[in-house]
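Take a look at the structures below.
Note that subunit A is present in both complexes that follow, paired respectively with subunit B and with subunit C.
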Partner chain A sequence: MINVVADVGLLCLLLTVALAIVCTRSPLSLVLLSGIYSIALCTLFVILDAVDVAFTEAAVGAGISAILFFAVIRPEDEPVTAFSWPSSRAILLGLGVGVLLLAGTLDMPMYGDHLAPAHQHLALRFLGQSFEEIGIPNVVTSVLASYRGYDTLGEVVVIFTAGVAVLILQPDNKKGPAKPGDRDRFAPELMGNPVLKTVLLRMIPLVVLFGLYVQFHGDYGPGGGFQAGVILGAGVITYGLLSSATRLKRIISDKWVTLGMALGVLVYGLVGVAGLFLGANFLDYSVLGPTQTAGQHLGILLIELGVGLTVSCTMVSLYYCFKQGES
Partner chain B sequence: MDSLIPALENHLPILQVIVPLLIAPFCMILGSRRLARGIMVLTAGIMLAITLGLASLTLQQPVITYDLGGWAAPWGIEYRVDMLTVFILFTINLVHMLASVFCLGRQDGNLGTAARPAFYTAWLLCIAGLNGMVVTNDAFNVFVFLEISSLATYTLISCGREPLALLSAFRYLVAGAVGATFILLSIGLLYMQTGTLNISDLSRVIAERGSDRTIILALAFFIIGVGVKCAVFPLHDWLPNAYRFAPDSVTVLLSGTATKVALYVLIRFLHDLFGADFGFAEMPLDMVLVVTAIFGLLLVPFIALRESNLKRMFAWSSVAQVSYIVMGIGLGTRLGIEAALLHLFNHAIVKTAIFMAVGIIIARTGTARIRHLGGMAHRHRFASCIMLFGGLSLIGLPGTVGFVSKWVLVTAVVDKGWWWLAIPILAGSLASAAYVWRIVEIMWTKPAVLKPEAPAARLHWVEWLPLSVLAGLALWFGLNASLITGLASSAALGLLNPGG
Partner chain C sequence: MTEILGSLLLLLGVLTVLVGGVGLFRFPDFFCRLHSASIVDTLGAGLVLLGMLVLSGSVVIAFKVAMIGALIFFLSPMTAHALARAALRSGMHRDKPGSGPSTGGMK
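Then we have the complex of A and B:
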């Protein structure tokens, strides 16, 4: 019963926030509403037992993307009227797609039905045999990192491509590095707040430690390279927010961040290529160790490191690029 | 070394994709622009060689499969190479090879020094993503590689010199993201109803279960999503400005590869995933595709006729040409697919050559406005002649490659019993004759508007070599069509009867 109430409540909240996002004209409210949307979605993921997806949604959707948006919106862009209806064409199109989607749901299996096709075909082998074949208890990690490891390589490359895109798009900063003491436009007094600063600075080591835990514990509990990467990235970016991007760059220079981005993809890819040289197919980890499960363990550990490296470096690189844009 | 080569043979399908995919981050680490350019051309050559290797393998064995990670098909991701795959791979990798040579002679758009090696990284990621979409036999894997190629494409377009390049890249990003969302929804709905992602397995399960409303919705969403990527007529809005404002070398690359791969995915999903019986007998997909195609090929040439910018005019012409391909696909018959494939190949070659010629003329004269190009044909003879030759092929004059594919298309519509479709095909050709003639008239017969630039810059080999190769191919296939027609025909046959 409590689950139903939570589900329905959260879905209603999502719908309301989505409608508010469509109608608002103020960039600031847009960013805040998107953050609320992400947090609500993240809670829904937890209810659906997809804790790892929830990690990512919380760190990226509510955390890093909001920080990046704050770096580009300006107080002077705030409109006089903060609310307006979308055009009638957009409403009609949205309603049309909505009706189609509703029609499509009529033949879908019921929510939570264990006889649904999605639980009857591939899932049976993943749940039944993955522990013997791969040797780690977390089936999600087995599927993501081994059975469908190539898709995961693709996803890492997507993130790398996004990082490359922002690097290319960043304005060539001819005025030299950003001035020291650059602060976020919207919340200078907030970041100068001694209470906030003291508390957050104490929390950064814990965030980083938690990121490392998620990275290395992904075989057993929810987590893995993507989640760890965004958590680590968020920790580093928090330091940048509290002091300044310039000071952060003195600790981790942007050259190293770019290098890390590319290196992570290469680590993942080269683990796959190692399989080729050992006489197996691309991304077959079984040949990497003396036994199949030992090889799978090693392979998954290495590729997750690659994922974590690329994801965390890309997050920090995005932050640097956005901070460089302002001066 | 002897033992490595037969082993290499088994891994060709995956090498086709991971070679550019892993060289791309390597280019980034090197950080040198000159080195990155050399590596890009070298990679393009290797990729073309791998495609030729795959082609020779498919002659011995019609279907090659490759299990990624060593996991057998429905559980792991599978690569699958047949005649159709090789046909498309050859098209895009040939264009990519010539486009990357052409790219050597271009400025890298409006880029800061730090970003220059990144341009080549994005270029390699784009072509790796496109190859990945062609070789895979897994619906979700198609989406992942679509994301890679799309993101890289938006980036490449935004490198254009003019400030509006950013806006057109952004508009393409929004359109492309909406399209990709529809494709993802479609794949999600399919997984919900079947529990699998492998294309062959999906087709088996759908045939066993029969269709229902959810699968019909998946088909509809897929058509809309991939329609945006193909720039099918009413969903084409992003294309003209994206092609116009992208750097010349990027326009050359995209016109011959990006929409072509999306069209391939359309063919592959309709026949191998949903099945022709479902799409064409149960659902009126033939009518939907043919009607949109008719509108596209009749209306778009008139927009092109009123266009003031040379590059955007040929971009509009690409939208019109896609309509012919969509019409061939929409017929759903073997001849229809053969016509679609032939037109796809011909258009890739011809439009690549045209955009190279346009790029050369724009770089020399410094303008792309059509009315400023008076008399330019006498100053830039080679490029103008190639452009004229390409234009004649767009019209479909006998003796050009465009004639061959339009002839097969007319045969296909008559064969299907829809002979009346020949009328819009002919009318569309006449309309394209109008906009090609307009260019010819201005460039050959009108007096010069611009003062001649001081010394007429000579053509560099990176400019004339790829142009000559493309023109030679177009000429050869136009006069001796049997080879390419045979290939397209066996690719279509392999798609419709995978057994024999």
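Then we have the complex of A and C:
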């Protein structure tokens, strides 16, 4: 009962925020509203017991992506009228696509239906036998890292490719001096705020510690490389926000960050190849240790490390790219 | 005994959140509303977490709840401070007429 009330409330909030996003003309409001949307969505994920997804949504959706947007919007772009309805053609198109999507959901199984195709076939085996086969309590990690290790390798490569694409597309600012207007577009005093600085600087070690906990506790509870990567990335970026990207670069140079992006994918791939050399299939960790479960444990630990490295370095690298103009 | 204490704390927290929520809608300008909103996420959330701490019944969960509580205890007042400072810096003053929250901090 209470879950239904919370679901309906959160979905109404999502709808309201989405409507506000459609109607707003101000980039600043847009970024803030997207953050609110992400937090509401994150709460919904927690209610659906998808804590892993909620972690990522909170860190990326409400945290890092908002920071990246703030780095590129300017106060000059703020319009005089902050809200206005979109054109009637856009509304018609949106309504049309919405009706089609609603029609599409009619064929889907009901929410929580135990006879749904997704809950038949392999799901039963994953839930029933994964503890014997993999030996770790968190089935999500078993499926993600072992049964579907190949898909996860693909996901890591996608994140790596996206990071590389942004690195290629970034303007080369080394040729000319940075424009003075580029620095601290919104509220420079906020960054020099002593209260913010005092509190947040002491929070960064805690965030990093929490990131490591999520990384290494992923076998037993919600978490893993992706979540730990974004949390670690957010912690590092917080330091950049409090001082400046340049000072952060002096601690963690962009060369190391780029190297870390590639190294994570390399670690993941090498674990797969190690399986091949030991006489099993690509990404079959069972042969890595003396027993099947020991091998699985080692393999999952190593590939999660690779995932965490790539994800965190990509996040920091994106931040560096978007903060190029700042000197 | 712990159940009564925990429930009382939870109830007190919920009441605080309710009062803060009413204040958020009823207060006239941005700073008053911020005052009310910061009560929700500092005292309200703190009391609810304290109630959960009492009711948790396991040391591990109690420790985690205490950690969340400590984070909120430091971060929520800081957020309110940052918001108030940003509003003040972007030219919003209490005594100025028409500086309601609907205009936001942006000019």
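FYI, the second predicted complex is superposed on the first by the 313 of 327 C-alpha atoms of A that agree within 3 Å, B and C clash if a C-alpha of one lies under 4 Å from a C-alpha of the other, contacts with A are read in each partner's own complex, and residues count from 1 in each chain.
One rule holds in what follows: contacts are C-beta pairs under 8 Å (C-beta built on N, C-alpha and C of every residue); 3 or more make two chains touch, one makes a residue touch a chain.
Owing to the predicted nature of the structure, the values given are computational and were not obtained by experimental measurement.
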Three-chain arrangement built on subunit A, subunit B and subunit C clash or fit: fit
Partner chain in contact with A:Ala20 - subunit B first, subunit C second, else both or neither: neither
Between subunit B and subunit C, more extensive residue contact with subunit A: B
Touching partner for A:Met203 - first (subunit B), second (subunit C), both, neither: second
Once both complexes are placed on the shared chain, angle at subunit A toward subunit B and subunit C, C-alpha, multiple of 10 degrees: 150
First, second, both or neither for A:Pro75, with subunit B first and subunit C second: second
Subunit B versus subunit C as contact partner of A:Leu259, first or second or both or neither: first
Touched partner set for A:Val195, first subunit B, second subunit C, both or neither: second
Subunit B versus subunit C as contact partner of A:Val51, first or second or both or neither: neither
Subunit B versus subunit C as contact partner of A:Tyr150, first or second or both or neither: first
Which superposed partner A:Ile36 touches (first subunit B, second subunit C, both, neither): neither
Minimum C-alpha spacing, chains overlaid - subunit B and subunit C, in Å: 29
Doubly contacted residues of subunit A, that is, touched by subunit B and again by subunit C: none
Residues of subunit C defined as touching subunit A within the complex: 71, 74-75, 78, 81-82, 85-86, 89-90, 104, 106
Contact footprint of subunit C on subunit A as seen in their complex: 26, 28-29, 75, 78, 82, 187, 189-190, 193, 195-196, 199-200, 203, 206
Contact footprint of subunit A on subunit B as seen in their complex: 7, 11, 14, 18, 21-22, 24-26, 28-29, 66-71, 74-77, 111-115, 118-119, 121-122, 125, 128, 132, 138, 140-141, 144-145, 147-148, 151-152, 154-155, 158-159, 166, 189, 191-197, 205, 209, 212-218, 220-221
Contact footprint of subunit B on subunit A as seen in their complex: 100-101, 103-109, 116-123, 125-126, 146-151, 154-155, 157-158, 160-162, 164-165, 167-172, 258-259, 261-263, 265-266, 269-270, 272-273, 275-276, 279-286
